[in-house]
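Consider the two complexes below, in which chain A is the common component and chain B and chain C are the respective partners.
Entry: the complex of A and B
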């Protein structure tokens, strides 16, 4: 008899995923990935190598290893994407009209694409020493 | 003992902006903040206004901001917030809702959000064969138990920084009410409610600040319930 069962019923209730659902999932995923990505980056660049020792020679040397390029690409995609989506949410704290929110969202999207593209081109293109 | 009350006052007929009224009252340590507010209204300034009804933590009408935290004035004992004779207690209206007068705010925007999530039972299926109630197992009943404790005092919603900054957000209380029915195994409108909350000004505006959980006078784990609604939306499963 179901009335004395002690496990909660599991039901399906699928609301069609919206842009916001996807962005929340992205924030969760990128948030988890950022923990190793950022800490390894900070440990390497700020502690082990040191910011004053980073020059074109160092960048050329580290990008000679494909895995570091993939790493930097992941850092760019997840850290910057995470930050820009966060910025979109914060912008909605201050822009309350729908049209202003839309303009801000587009401006942030364009900014995100341009800067990610520049970063991506730099990582793929690598360092051409004079 | 003596306490010094600093109360935020506003009379829309006289004041262009709010001001602090200061009053000294003699209370017992086991008195409540509401008792101290009554002493001000009854014996010092009859023009001062605070809303209260049951005065015993059930109706939720005397939600105010006491020493910077949302509380029910009828549930906070003086001895729990002051240490020494003459200490100051600040009392303000809850934030994010329009102030009508003194500590009384307009609750309509709050109730509009509440109504928007269909806070009522929906099931158009035929009644059970015996024509009586729809049975539910113990676990299914427990699943939404926390949400049933809500008294709609607005302590959670008006402690939420996301709500302060944009009152289009439905707010924690509305999500708790939606949770109460979404997770009720007898209800049949979960998808509709999830659809309503699946917007930026729905459940996704919650940034897990946990202010709501700290503010709830009924000790509902509000942030956890909001998280469960988010999870249901992300997975398409109510479990």
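Entry: the complex of A and C
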């Protein structure tokens, strides 16, 4: 009869990370990045500049600086990806049927690709002055 | 549909205190921000795809109800970020988690949200009054 060890057993999972593990990590990584990215964006556009000062000329002036296009691209990638995966997560909480979850996941994936593409093309293409 | 309604209702009815409120607001703020973001990406893309329509889109953002909505949205974005940081800290440092700390952290999150939101709301509210009620903003 051996005494029960007081040190807790540390178990390491040997299985490779699943898709959901990767998404869990992405939500946390993008979440940390989005705090400065989104808060600065909102402070600038909504509070400091204000929506009444934003027009085509303003966008053209901002996007003349490549760094701002990179910034907006990072916002698009991280914020919308974070949001759409969050939507999938919330949807799965409320609708439990496997077939419904599959349909929702595909709809969200397609919506994410289409809207990200629209935004991405606009950031690369820039302002088309009429 | 029955499971949807019961899950939705139980989430509100559950008496988890401030931690449960933080969870509900996190969800609500996240979904509201995503809805806004999807619309915002498409209307900003007008600068490339349909520049003549961009002014119409911006006019909607400048309307009084939208500006009120925007002030509320800023509160949501601040809360979602602060609460998200709380979630990340407890996820990676589970040793810090306790029933008491969860409560304390939620109070800090609500306090940080309000402290950051007040100056933003004052400036945005001032913009709203100057531009929409006193018409002092140049067109």
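By definition in this document, the second predicted complex is superposed on the first by the 117 of 130 C-alpha atoms of A that agree within 3 Å, B and C clash if a C-alpha of one lies under 4 Å from a C-alpha of the other, contacts with A are read in each partner's own complex, and residues count from 1 in each chain.
Note that a contact is a pair of C-beta atoms (placed from the backbone, for glycine too) under 8 Å apart; a residue touches a chain by one contact, two chains touch by 3 or more.
As the structure is a prediction and not an experimental result, all values here were calculated from the model.
Once the two complexes are overlaid on the shared chain, A:25 sits against chain B while remaining clear of chain C. Once the two complexes are overlaid on the shared chain, A:94 sits against chain B and chain C alike.
When the two complexes are overlaid on their common chain A, residue A:54 makes contact with chain C while staying clear of chain B.
In the superposition on chain A, contact is made by A:16 with chain B only, not with chain C.
Taking chain A as the reference, the larger set of touched residues comes from C, when chain B and chain C are compared. In the superposition on chain A, A:67 makes contact with neither chain B nor chain C. The residues of chain A shared by its contacts with chain B and with chain C are 93-94, 96.
Those residues of chain A lying in contact with chain C across their complex are 28, 31-32, 34-35, 38-39, 42-43, 46-48, 50-52, 54-56, 59-60, 76, 79-80, 83-84, 86-87, 90, 93-96, 111, 115-116, 118-119, 121-122, 125-130. Only residues 2-18, 20-21, 23-25, 89, 92-94, 96 of chain A touch chain B when the two sit together in their complex. Per the touch definition, chain C reaches chain A in the complex via residues 3-4, 7-8, 27, 30-31, 33-34, 37-38, 41-42, 44-49, 51-52, 54-55, 58, 61-62, 67, 70, 74, 77-78, 81, 84-85, 87-88, 91-92, 120, 123-124, 127, 131, 137. Of all residues in chain B, those touching chain A in their complex are 135-140, 142-143, 162, 165-166, 168, 182, 185, 190-191, 194-195, 197-200, 202, 204-205, 207, 230, 232-234, 236-239.
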